[in-house]
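We call the chains A, B, C and D, going by the order they appear; numbering starts again at 1 in every chain.
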Amino acid sequence: MTTDFPPAAPMAGGDARVLSLLGVDDVGEGTCWLRFARPAGADCDPGQFFMISPVEPTGGVFLGRPFSIGDVRDEQWRFLVRALGRGTRWLRSLGSGAPLRVVGPLGRPFDLAARPVHRLVAGGVGLAPFFHLARRLRAERPGTRIELWYGERTAAAHTEMDSDEAGLFDVMERFTDDGSRGRPGTVVDGLAGRLADPDAAWYACGPHPMLRALAGAMAAAGTEWARFSLEERMACGFGVCQACVVPRADGPGYRLLCMDGPVVDPREVAW
Amino acid sequence: MSRLAVRCGPLDLVNPVLAASGTFGYGDSFQRFFPLDALGGFVTKTLFLAPRHGNPPPRIAETAAGMLNSIGLANIGWDRFVAEKAPAVNAIRGTSRMLVNIAGNAPDEYHRIAERVEADRALVACDGIEVNVSCPNVKEGGTNIGCHLGQFRETVRGVRAATTLPVFVKLSPNVADVVPFAACAADEGADGVSIINTLYGMRIDVDTRRPVLGTGSGGLSGPAILPVGVHWTYRVRAALPDLPIFGIGGIADWRDALEYLLAGAQAVQVGTAAFVHPTAGPEIVAGLERWCAERDTTIERVVGAAHRAGELADEPVWTG
Amino acid sequence: MSRLAVRCGPLDLVNPVLAASGTFGYGDSFQRFFPLDALGGFVTKTLFLAPRHGNPPPRIAETAAGMLNSIGLANIGWDRFVAEKAPAVNAIRGTSRMLVNIAGNAPDEYHRIAERVEADRALVACDGIEVNVSCPNVKEGGTNIGCHLGQFRETVRGVRAATTLPVFVKLSPNVADVVPFAACAADEGADGVSIINTLYGMRIDVDTRRPVLGTGSGGLSGPAILPVGVHWTYRVRAALPDLPIFGIGGIADWRDALEYLLAGAQAVQVGTAAFVHPTAGPEIVAGLERWCAERDTTIERVVGAAHRAGELADEPVWTG
Amino acid sequence: MTTDFPPAAPMAGGDARVLSLLGVDDVGEGTCWLRFARPAGADCDPGQFFMISPVEPTGGVFLGRPFSIGDVRDEQWRFLVRALGRGTRWLRSLGSGAPLRVVGPLGRPFDLAARPVHRLVAGGVGLAPFFHLARRLRAERPGTRIELWYGERTAAAHTEMDSDEAGLFDVMERFTDDGSRGRPGTVVDGLAGRLADPDAAWYACGPHPMLRALAGAMAAAGTEWARFSLEERMACGFGVCQACVVPRADGPGYRLLCMDGPVVDPREVAW
């Protein structure tokens, strides 16, 4: 890698862009919003994701990191990022103006159920896609009820929302494993008994163990309509590297999460 | 862009930049980023006769300026490629050359798929075959065919016998010396070689205390390996000046590509860089065009130039 | 720091972090940065019987997360080492172990310098010998001894016969499989192996259109090669669980060191990182101490842990 | 390289430090001053150098770059850096606050001649060490005349000096190859005829071809007292890597420029 500094602007590349950060806003323990100006004419749907990487390998960060579109607001693309490892810590450490490669939108978005109640179930930073999803539901499913069921390990980890964000949800149930904020226990526990509700459509995003548990509970309860946003390691995000495989429910083999997902019907996956 | 036009053995290319196997799908995945004919050509994901599911995840790990993969040559198999991919790709590829990359679980499987490629020429408008020999020989206890000269020769011979298409053999760097493998490919009538495939590597997750990849080890690629690919390209060019070479390994910008061309490659293939930077290939083409124009030269004239002022490949390498 | 104390074959080390050969001089160069006994030990620059001037410059080139070198084993020769360096180093090294790294232009030269090291034990308080086999055999047309099993065996056998000091053989990654070389070293009575030395590599200056290094190719080191070293460390550990290993290659921080320990190395050596970050070694020691303390564990318990939950080295490697 | 972001502060490491940039000031085509606060108690002599590198490999920049100490002023260490390749372009692109590894002072400084006239001969960014040198000469050789003979390719390349810097020199002769500023031609041409001057001590720094020419002219003229600051590629800067070799005048073999230099008597080197 011997590109000049500052990096040469990329040629017209469809969905491959170099964008400079507008800002990084902390909103809870290790979690922040990464904000970019929305490129003219560029759109994306709730549940789609972007690959974000340094313009050149930097401090051991080379590959893109996949992030769901978190919110589209004030003509900005916003990504809710939790700093866990090398790359996310690095992203959180950046200042406004920093150039980043932003490739996308990628993947299959949430489809919107024609049901009166939309239950958005978030574990940890799995909260990310639900702001953009809630806005879209408000616009395309007027008069329906949008509920956010949101769990974190502990109070400090809860993402703080401004009034606009909080106002997207008709109901907001917060949970913490340690009971330090909202109801004690996991979101999945909290939902026990409700999963058969014929009026409800379910949208879930969170750590794999939580989604596995929820998928099991839903199978048992016979839940009809559910969509989960899953995670797997990705090198490209657009179907060429074959990294992002999840075992398929029908027979052997895998699905490519970046193409057949990240949003899937939990019944498509062998958990 | 005739400054960039170059012949790589029997192939004439509008420019010397191709997309590498396993990083470009079957040719129909980059439409959203650029038109296929922005590149001189592309190499398909390795195809086996029968489809392969590949290895259990995780299949990738990040490394300093590189990555590991243990995809396991997951592919849709020859028949589905012919039925589902070839028609569309034939239609959109324009001036870009398509090489079909093939492999098997043992030398005879290579021969059989090569026969199919030959037989299906009317259906798949491919310009040549690239043979991925970096595969365990399942029938021989998993010795890597690309690291074992006997099995390598047998594999190349059969492929050569099976088709009149241009045949390029993609060499593994996981050997003591790449030159004898290149020489063997030439002996067996290959039209050229591709240098290099991935290096063996492993990362370990210090939290789980296990290898990151589901299979333990994988193949190292990306900018980290560029000097290894340039070294072997230079050595093979020095030993076999007339053998066409695709230079591969760690190419991320036009300067990287130029290093391979100067070392003796007629053209280059870009792989990993396109994951993080999908338009890397076309940007390299533009950079080479600019560089040639500024110096009023052509790629043809630049190929191998690093050898002209005196050969440095005859000496043993004293490092340390 | 007894959490960090570890035995590497016959050597007991106060901690598992050593300085690698060729990156630490003769032991007297880092005083300005930290006291010698901050490290478990160090390995001297490779010594020949007679001094060597080394290769013409340029001798280094930068690569992505790494570097190339073609130093050419420039060294002051055994006699000057004994006269000018050993007395001072004996005095300051404290608890840190000193390994003398040796080489020659052919196997018999290795044997002769090993005899001298044995004979001069009263003058040089060294704790062991590391044999750098990654040298061209001048008497055999420059074949690299470390890449040729026959010459490798002859070299190790003679060194083993010449001394009762602990003998570690430093293996080259420029082979199809490192394991047979490690097994050969063990057969011949070596006390352990050091994995890995540099990979062959080249950079070309696109302006001069010539290789950057005066000699053309050189040895690749630094973070770029870490996964290669971890892979071979893991493979050798799996095949030869009782053979002590120094893990080397690309280590820049404590996590990198831990990967080698988990892969099966009893201790690690830090090289290139110390050029840009002279205190890398002591910082790695501090990081490992912290990590062990937080988990109330010891390095001894961590060594090889990546193998425990099931061996992943028996399978052939499917990349791509 | 998997160090956390932000990088952990290094342990006490003698002359190995992580310093944050105070500022980068452009002073002519592609040339800038890099400024750092002088660490308490740290000193360096004119002609010594420092290795400056990113805290982690960044955009293809991994190794340290050697830079002479340019000036010590206002309690700052200042390095005059010309952006030529990858690393120097990267350094010039940095903003204040950026952390950098700064290892040094390293190498053999200029010794100060006991002569009435000190001629400082600079080619291009070879000007760098002469500000600190001139200050030292003023302090330790009071009453002597300090002349700067400074050549550049063209006018735009000339480093602009503030009054304090310009005031360090009793005489300043500027040259340009193209005659666009000061006298036309090279400094070496301009010095023709003066090299035998028994009152003068010579200090030279610049590109290798210039120094080779000057060494040749001095040998011919029998110049008695001269010191040159040379350049060679360096990986460590403190004598362990053996990269920085220059052929020695006495017999075969090399000198290590980082230890026996960078300041040498031109007669020590085989040109």
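Quick note on the criterion: a residue touches a chain if its C-beta (ideal position, glycine included) is under 8 Å from a C-beta of that chain, and two chains touch if they have at least 3 such contacts.
Predicted, not measured: the structure shown is a model, and the values here were computed from it.
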| item | value |
| --- | --- |
| Set of chains whose contacts include both subunit C and subunit A | B, D |
| B-D or A-B - the one linked by more C-beta pairs in contact | A-B |
| Relative to subunit D, chain with the most remote C-alpha centre | A |
| Centroid spacing, where centroids are CA-atom means, of subunit A and subunit B in whole angstrom | 35 |
| Centre-to-centre distance between subunit D and subunit B (centres being mean Cα positions), rounded to whole Å | 45 |
| Inter-chain centre distance, subunit B versus subunit C - centres from mean C-alpha coordinates, in Å | 33 |
| Distance between the centres, which are taken as Cα means, of subunit D and subunit A, whole angstrom | 52 |
| For subunit A, residues that touch 2 or more chains besides their own | 1-3, 57, 60, 86 |
| Multi-chain contact sites of subunit C, meaning residues that touch two or more partners | 22, 54, 61, 63-66, 69, 71, 222-223, 255 |
| Overall pattern in which the protein chains touch one another (line/ring/star/complete/other) | complete |
| Of all residues in subunit A, those that touch subunit C in their complex | 1, 57, 60 |
| Subunit D residues touching subunit A - in the complex, by the definition given at the top | 1-7, 55-60, 86, 89-90, 92-93 |
| Subunit A - residues contacting subunit B, complex | 1-3, 8, 10-11, 13-16, 51, 53, 57, 60-64, 86-87, 101, 103, 232-246, 252-254 |
| In the complex with subunit D, residue positions of subunit C that touch it | 22-25, 29-30, 32-34, 45, 53-54, 57-67, 69, 71, 74, 222-223, 252-253, 255-256, 272, 274-279, 282-283, 286 |
| Sites on subunit C touched by subunit A in the complex | 64-65, 223 |
